[in-house]
Amino acid sequence: MSALTLQEAEDRTAAGLAKAAEMGVAMNIAVVDAGGHLLHFSRMEDAWLGSIDIAIRKARTAAFFKMPTAAIGELSQPGGDLYNVEVTNGGLVSFGGGLPVVAADGRVIGAVGVSGGQVSEDTVVAEACLV
Amino acid sequence: MSALTLQEAEDRTAAGLAKAAEMGVAMNIAVVDAGGHLLHFSRMEDAWLGSIDIAIRKARTAAFFKMPTAAIGELSQPGGDLYNVEVTNGGLVSFGGGLPVVAADGRVIGAVGVSGGQVSEDTVVAEACLV
Amino acid sequence: MSALTLQEAEDRTAAGLAKAAEMGVAMNIAVVDAGGHLLHFSRMEDAWLGSIDIAIRKARTAAFFKMPTAAIGELSQPGGDLYNVEVTNGGLVSFGGGLPVVAADGRVIGAVGVSGGQVSEDTVVAEACLV
Amino acid sequence: MSALTLQEAEDRTAAGLAKAAEMGVAMNIAVVDAGGHLLHFSRMEDAWLGSIDIAIRKARTAAFFKMPTAAIGELSQPGGDLYNVEVTNGGLVSFGGGLPVVAADGRVIGAVGVSGGQVSEDTVVAEACLV
């Protein structure tokens, strides 16, 4: 069974940090394993302190449900199937910036979570981590 | 690099307390440093006990994201970019009454959080702290 | 019934801060009411950040049990009557530096909690708050 | 005022990881800033999952009190001045493996926390981070 290595986490983070620097936004980037446990984390200078926790929770949320955090947000709105699911699991994040890492065999082996800019910017950096 | 001193925190709180007394509302006023750590706190007689925690969280929220708490609230509504962000960081407050303290050099060196009245009143008192 | 006012809390804190400055130790000083709810807090520049929480918990502990925190510590040791009572109430502090504030009529109307130096220093500053 | 950069955190972590690899122990290494906020984190393959949280708390504890975690542990034993201080601040760690990072000007600018092996091994790796 494939697993996310620390080296791969570092490489994915480096790709995200390069994208963030290019965009001029100070980001927090977290990488977790398939169990949602923290594997690697980096905070750029001057990034919002409140985004440390958000980045880690985005990654954990994406790993816990094997889907992008934004997909959960579509269901957690008032009237939605998963209304207020964010209060479970000690606090989930359901807006964009968390993406599962999928191995060649199709298994979810972990996730990345990015926070520090607009949600659209977080999402772009998270996607850069997955290239 | 500038930093918020206890003396400045006391002075800002005194300005807020004077405004609150003038308005006839019993307020809680918290001041935190750039890291969101409590520096000073005052509760007026008869202020709501539930507002102690809210004032401190408003200040921390404003320091953590370097913006007014109300700006976060605009984004955290249903359908918004940051829906339910309040469940992160052990509990954020996203309505008005938390404002960052910005130094002459433009850096955020801390924040004030005010709670005890209507949100519009909390905001007026928080602004009085920043004069 | 007598109650601790914000003015009295400020005055007691000022007395403690003066003593701390005289001793050359950076302290955190918390004052709570009879219900253990925060009334006033001050942190001196360069005081340990970990002592913010300890000062507040010392004050709350002293108010909750109407006795000095050190008196609880005598009972909470291994084999003692209150062994590990510190894990209750979301976290109590049972070493010196928390003292109840007693009104002229003998009622406990609140408490002070001091943290930032050696426990013996914290205790001296807490006593200075009560003069 | 000096501050810990992400680059310095990465370099210190790399030094610790190299030492851990040499010793053949799978470690978690956390680096926090002066405010105790996470700056960088790495977990080696097969490291204990329970050590993620311990490494982060060790770093935070060392930053919060500007001293090695082991120095706190000497005081927090039964009968000691700081007995059960571990229950404060949401959970402190008072055994070895957390060390403050001190700048050339003598100020504590952050801390490292290492967990994954025997405490003596954690301490050796933490020291390697500071070289």
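Order of writing sets the labels: A, B, C and D. Residues in every chain begin at 1.
The working rule: a residue touches a chain if its C-beta (ideal position, glycine included) is under 8 Å from a C-beta of that chain, and two chains touch if they have at least 3 such contacts.
Just so it is clear, the model here is predicted, and its values are computed rather than measured.
Interface matching across B-C, A-D or C-D places the copy of A-B, with more than half of contact pairs shared by residue number, at C-D. Among the pairs A-D and B-D, the greater number of C-beta contacts is found at A-D.
Here the CA centre of chain A is 25 Å from the CA centre of chain D. Here the CA centre of chain C is 29 Å from the CA centre of chain D.
Inter-chain spacing, taken between the CA centroids of chain B and chain D, is 32 Å. Residues of chain D in contact with at least two other chains: 3, 35-37.
Across the complex, chain C is touched by residues 3, 5-6, 10, 35, 37-45, 49, 52 of chain B. Residues of chain C touching chain D in their complex: 48-51, 53-54, 57, 73, 76-78, 84, 86-87, 91-96, 118-119. Residues 1, 3, 33-37 of chain B are the ones that touch chain D when the two sit in their complex.
Note for the complex: chain D touches chain C at residues 35-36, 61, 63-66, 78-79, 81-85, 87-90, 92.
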